[in-house]
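These are the structures, in structure tokens.
Shared between the two complexes below is chain A, which pairs with chain B and chain C, respectively.
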Partner chain A sequence: MNPAVGLFAFLAVSLATAVIGFYGLRVSRTTSDFYVASRTVPPWWNASAIGGEYLSAASFLGVAGLILLSGTDALWFPVGYTAGYLMLLLFVAAPLRRSGAYTIPDFTEARLDSAVVRRVTSLVVVAVGWLYIVPQLHGAALTIRITTGLPSWVGSTAVVAVVCLTVVAGGMRSITFVQAFQYWLKLTALAVPVVFILLVLSANGTPPQATLPINPTGQAAAGAYQHISLLVALLFGTLGLPHVLVRFYTNPDGQSARRTTLIVLGLLSVFYLFPTVSGALGRMFAPGLALTGQADALVLLLPGKLIGGMAGDLLSALVVAGAFAAFLSTTSGLVVSLSGVISQDLFGGSVRGFRLAAVMAAVVPLGFAFMTDTLALAGSVGLVFAFTASTICPVLLLGIWWRGLTDVGAIAGMVTGALLCGGAMVMGALLGAANAPAWLAQPAAWSVPAAFTVTVAASLLTKNRVPSSVNRVMSRLHVPERPVATER
Partner chain B sequence: MTRVRVTAPRQSAAPTSSRVLHTQEAAEDSDAGRIFVRSLIRSQLRLALVVACGFLIILAVFATILVYGPGVAGTRVFGIPLDWLTLGVGIYPVIGLSAWLYNRAAARNEARYQDLVEDK
Partner chain C sequence: MEQKEAEADAAYIPCIGYAGRMPDSPLFTAAAIAVIVLAVAVVVGVGLKVIRSFRDLGTDAERATYNTLHAASRAGQHLRGGLQPAGAAKASRQLRVLLGCDAFAMTDTNSVLAWDGAAEELRPSLMGLAAEVLATGRTAVVPHVGGSTNKAGHEFSAVIAPIRAGSRVVGSVAALAPAAGAGLVRATSEVADWIAAQLELAELEASRTLLMEAEVRALRAQISPHFIYNSLNAIASFINTDPARARELVVEFADFTRYSFRRHGDFTTVAEELRCIDRYLLLERARFGERVQVSLRIAPEVLSTVIPFLSLQPLVENAVRHGLEAKEGPGHITICANDSGAFAEVTIEDDGVGIDPEHLRSVLAGHTDGDHVGLRNVDARLRQVYGDEHGLVIDTAPGEGTLITMRVPKSQPGHDT
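Let's turn to the complex of A and B:
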């Protein structure tokens, strides 16, 4: 591929991001503007922004790459990513918006009336955020390396620099616009090449090199345990992701939070059709990529391989632009939510503190990204979902629906989940992907139930610590804020 | 889009209209109000669990048929194997439909609660 293509696409996306970010600067001046865009973002904008933020490197590059590697087994990833939003809608969306908190630590502190719970939740949220940023930076490194031939660190450093600039300049208001734009860019960047390739292939009548059911790598198919564990991680992990949750505070009320989630589900369903088709095309027409360890770059390489020439270069540029939109939007979403947490706990919630925290939130994972490497983006993001599902999810679900939750229960649950799931991740990494047994590689199926059990058991043992405010908080979470009749 | 200026960042999402205060107070101050809130929470939780279980059962049935149904996975519809078609495309409308049904039912539960509180 022509190196100038990748570079040009990256610069164009960064510039567009910066311009929209700065345009937002004019309207964001108060602290509240910075944190949650004053809660006046309309549902369509908000849904596009949520979609833009959620569709990360794992969705844009990883899903197609994993489909190339393991076929129908990988189709469970997009299903899980989307169904996770269904769970979020069912159990979290409206009550969390009604809680009136800005971040997950705010929520747990208000619900359990305890500053210690807040501290622990903050630590977990920051860990999740950092873990989730690392694969984004790996994706950026891979994209820059494949498309321009520049060293890997250029990609990840550039993403961190652009994110820091936009977040520091505009806060959340401009992030909302940036991310809504980036959803549509990502969709276009995957859809146009896929449609084009399908048209060209059917016009030329190119025969496929392999048929769909054939497995190019000869990898063993995943068993029922892996599927179930993966689904547990994705279904329960989504509703604890800090950057997704912070988005719900920008809805005006609980009902619109639900409506927004419904739109998000539609946007995600449409989006995931295209990585799926890309992956299937890769299996049929470019199975060789699976053998050279470039599976995650499938989406980037497909237009050049199957079309080539000027048209191929243009389509490649579009895909590279979409890929960078994915890294930038997810990373900036995470950085915004992390800096919200860090600045409130460390710097007292001022705008200056928010900016300082933003830089902290982005630079630390850059260090991790330099030290580590990843083989499959979708897989490493799947592990972050498992970690979230084992730590934040039990506290959030039980906090919203069960009066009996206590501060001791919440802390015990989060610590158990973090130790079990984190331990499995470390052990799995030490053993290596090839040697780790399934229960270590996919810990969610046992670590999530364990975290729930410990949370409930510890809460039941400390019944006297149920906060006196529980009735007030619970009615605030669930009572509709406006007469429903005028809504329809 | 109207701008709302809020100067203090935390716990600032206090209810804004007097109508909201009315329902909130009604909810907290009387025994009847507390019972209404409890029953609202219980009905919303029941609804969410029913929809979640329904969806998971459909998903499990899909997966079981694909794995254990003899020859089902390889059947081709418009030239595409059935397992790709169901997992890659077919499951998404099910997710969307579940979400839409839930939204309607959840709003109905809230409307019923509000009627109760206002009739009091």
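Let's turn to the complex of A and C:
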């Protein structure tokens, strides 16, 4: 592929992100537009923003790569990523919006009336955020290496630099617009090449090199345990992602938070059609990529391989742009919400503190990314979901739906989940992918129930510590807002 | 760099799930060693400090005084919430050690709140024993309580002392020991008095909170009478010339007053407040015509932020009245709302005549009445609700216009709109 294509696409996306971020709001309105200016973001617009922030490197590159490698087994990833929003819709979206809390630490502090719980939650949230940024940077490194031939570190450093600069310079002021734009860019960047390739292939009548059911690597299919564990991780992990919850705050009330989530479900379902088709195309027409270890780059390489020439280059540029939109949007969303948490707990919430925290939130994972190797993207993001599901999710779910939760229970649950799941991740990494048994490689199936059990048990043992504010907080979480008509 | 490249490529083994391994690079080893060394250094440092601090704790008498005061102050913290079971239980633990008795209990007028120490089986009978103390308000000694004995086989005696708040008896404390000597009786009644003092402090705290709430309610903004008078006059002038417009304005006026006279809730959202400002400006434009120009730049993320009720409208009214009314020619007001991390930042800027900073300072401090009362009201309420660092920030000079900045936290789980 022409190296200039990748660079050009990266620059264009960074520029577009920065321009929308800085100038999205510069459009001043005059008095006659007062009503327009003071109208809250409509749910579909907010849903696009959530989709834009949520669809990370794992979804954009990883899913297609996994389908190439392991066929229908990999379909559990898009299913889980999407179905996680069903859980969010059913159990979390509306009560959390009503709580008035802006971040997860804010929520736990208000619900349990304890500053210590807040500290512990903050630590966990920061850990989750950092872990989640690392695969994004790996994705960027991979993309830059494959498309331009530059060394890996250039890609991850460039993403961190762009995110830091825009966040620190206040360029994320209209972050909802930026993220909504990124969603549609990502969708276009996957859909257009796939449709184009399908048209070209059916016109040429190119014979496939292999049939769909044949696994190019010849690996054995994963067992039922892996599937269940993966689904547990993805379903429960989505509930606690720091950058997703912040977006719901843009909804004016609980009802529109639910409607937004419903639209997100639709948008995600549409999006995941295309990586799936890409993966299938890869299996039939480019199975060789699986053997050379470039599976995650399948989406990037497919247009060049199957179409080639000028059209192939243009389509590649589009895909690269979409990929960088994925890295930038997820990373910047995480950096913004992490720096909110860090600056509030470390720097007392000053403007300068926020900037410092933003740099901290972005640079630390860059260090991690340098120290670790590029992994299978969808898999490593899946592990972050498992970690979230074993730490934040029990506290969040029980905090919303169970009056008996106490501060001791919450801390015990989070610490247990973090130790079990984190320990399994470290052990799995030390043993190496080939040697790690399934229960270490996919810890969610046992670490999530363990965290729930410990949280409930410790809360029951410390019944006298149920905060006295529990009735007030619970009614605030679950009683629908006053209809606007009676407001007057 | 090239070597790392090769390693990364080689390590890229396709598989399902996690395929990681820690790199064995010298950098990683060095980092691990550094962390271990740092940890050891911290442990050694803390250990030395602790050992050193044990050396100079003073004489036995000094240490006893310290222990007594320490136990008292620890117990005092737990009683700050009033006579509550949770706080009483924690305080009882400290107070039992302080008195050196076998068991210590605390009651209110109806039930036993906490029991710490031995002979817990006597708990149900304590209210019966304490009834007389609660009725008369006099300390009582009950020798040989029930059938319970301590380890040495002695029966317990109880000293029960009333907790008196003002002239009322609000509860009692009981100390159980094998022998209830004069020393224990004196000490127990002192402890009861000390608890009474703590409860009075708790009440003081509660009334301080009430006072603050009352102050916020008293500061609750009102729309200015000038505005009502001016609006009605402006509407009147349209009744003959443009009845349709007059009717529209009356409806706007009704909507505006419905919002600003509402009784419930001390908080609202930025979106609601902006709608109120819109109506307000419509009415002002009926008077000033095209002299008032307004532009808006609102980030949708902050629209649902909770702010004190009527905290933006007075700022806009100030910009119109003090910035533009006094000025010749058209005036421009810019209203911005920005997302700033965990905070929402609202700025209101006018290019009017400005305010003398000295004068403004004395107005905000409450020394001068008259002009800009709305500003002082909003500033005081913001400080009251969010703390002193969230007061209004006002940049102004005579003839230079005024820029007012308000910064509120987005996260306010305690505030209902």
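Please note the rule applied: the second predicted complex is superposed on the first by the 463 of 488 C-alpha atoms of A that agree within 3 Å, B and C clash if a C-alpha of one lies under 4 Å from a C-alpha of the other, contacts with A are read in each partner's own complex, and residues count from 1 in each chain.
As a working rule, contacts are C-beta pairs under 8 Å (C-beta built on N, C-alpha and C of every residue); 3 or more make two chains touch, one makes a residue touch a chain.
Keep in mind that what you see is a predicted model, and the values were worked out from it rather than measured.
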- Task: Return first, second, both or neither, reflecting whether A:295 touches chain B, chain C, both chains, or no partner chain.
- Result: second
- Task: Check whether A:476 is in contact with chain B, with chain C, with both or with neither, and answer first, second, both or neither.
- Result: both
- Task: Could you say whether A:110 touches chain B, chain C, both of them, or neither, answering first, second, both or neither?
- Result: both
- Item | Which of chain B and chain C A:269 touches, first, second, both or neither | first
- Name the contact category of A:227: first (chain B only), second (chain C only), both, or neither. first
- State whether A:344 touches chain B only (first), chain C only (second), both chains, or neither. both
- With the two complexes superposed on chain A, say which partner A:100 touches: chain B (first), chain C (second), both, or neither. both
- Message: Can you tell me whether chain B or chain C touches more residues on chain A?
- Response: C
- Query: Who does A:87 touch here: chain B (first), chain C (second), both, or neither?
  - Reply: first
- Take the contacts of chain A with chain B and those with chain C, and give the residues found in both. 27, 30-31, 33, 35, 38-41, 100-102, 106, 110, 344, 349, 476, 487-488
- Item | Residues of chain C defined as touching chain A within the complex | 1, 4-5, 7-9, 11-23, 25, 27-28, 85-86, 89, 255, 258-259, 262, 269-271, 274-275, 277-278, 281, 285, 293-301, 303-304, 306, 334, 338-343, 409-416
- Note on the structure: The chain A residues in contact with chain B across the complex are 27, 30-33, 35, 38-42, 72, 75-76, 78-79, 82-83, 86-87, 89-91, 94, 100-102, 106, 110, 212-213, 224, 227, 231, 255, 258-259, 261-262, 265-266, 269, 272-273, 276-277, 280, 344, 349, 401, 471-472, 474-476, 478-485, 487-488
- Item | Complex contacts: residues of chain B adjacent to chain A | 1-15, 17, 19-20, 23-24, 27-28, 34, 37, 40-41, 44-45, 48, 51-52, 55, 59, 63, 66-67, 73-74, 80-81, 83-84, 87-89, 91-93, 95-96, 98-100, 102-103, 106-107, 110-111, 113-114
- Message: Show me the residue ranges of chain A that touch chain C in the complex, using the header's touch definition.
- Response: 25-31, 33-35, 37-41, 65-66, 69-70, 73-74, 99-103, 106-107, 109-110, 151-153, 170, 172-176, 217, 219, 222, 226, 230, 249-252, 290, 293, 295, 336, 339-340, 343-344, 349, 351, 354, 371-376, 379-380, 382-383, 425, 428-430, 432-434, 436, 441-442, 464-465, 473, 476, 487-488
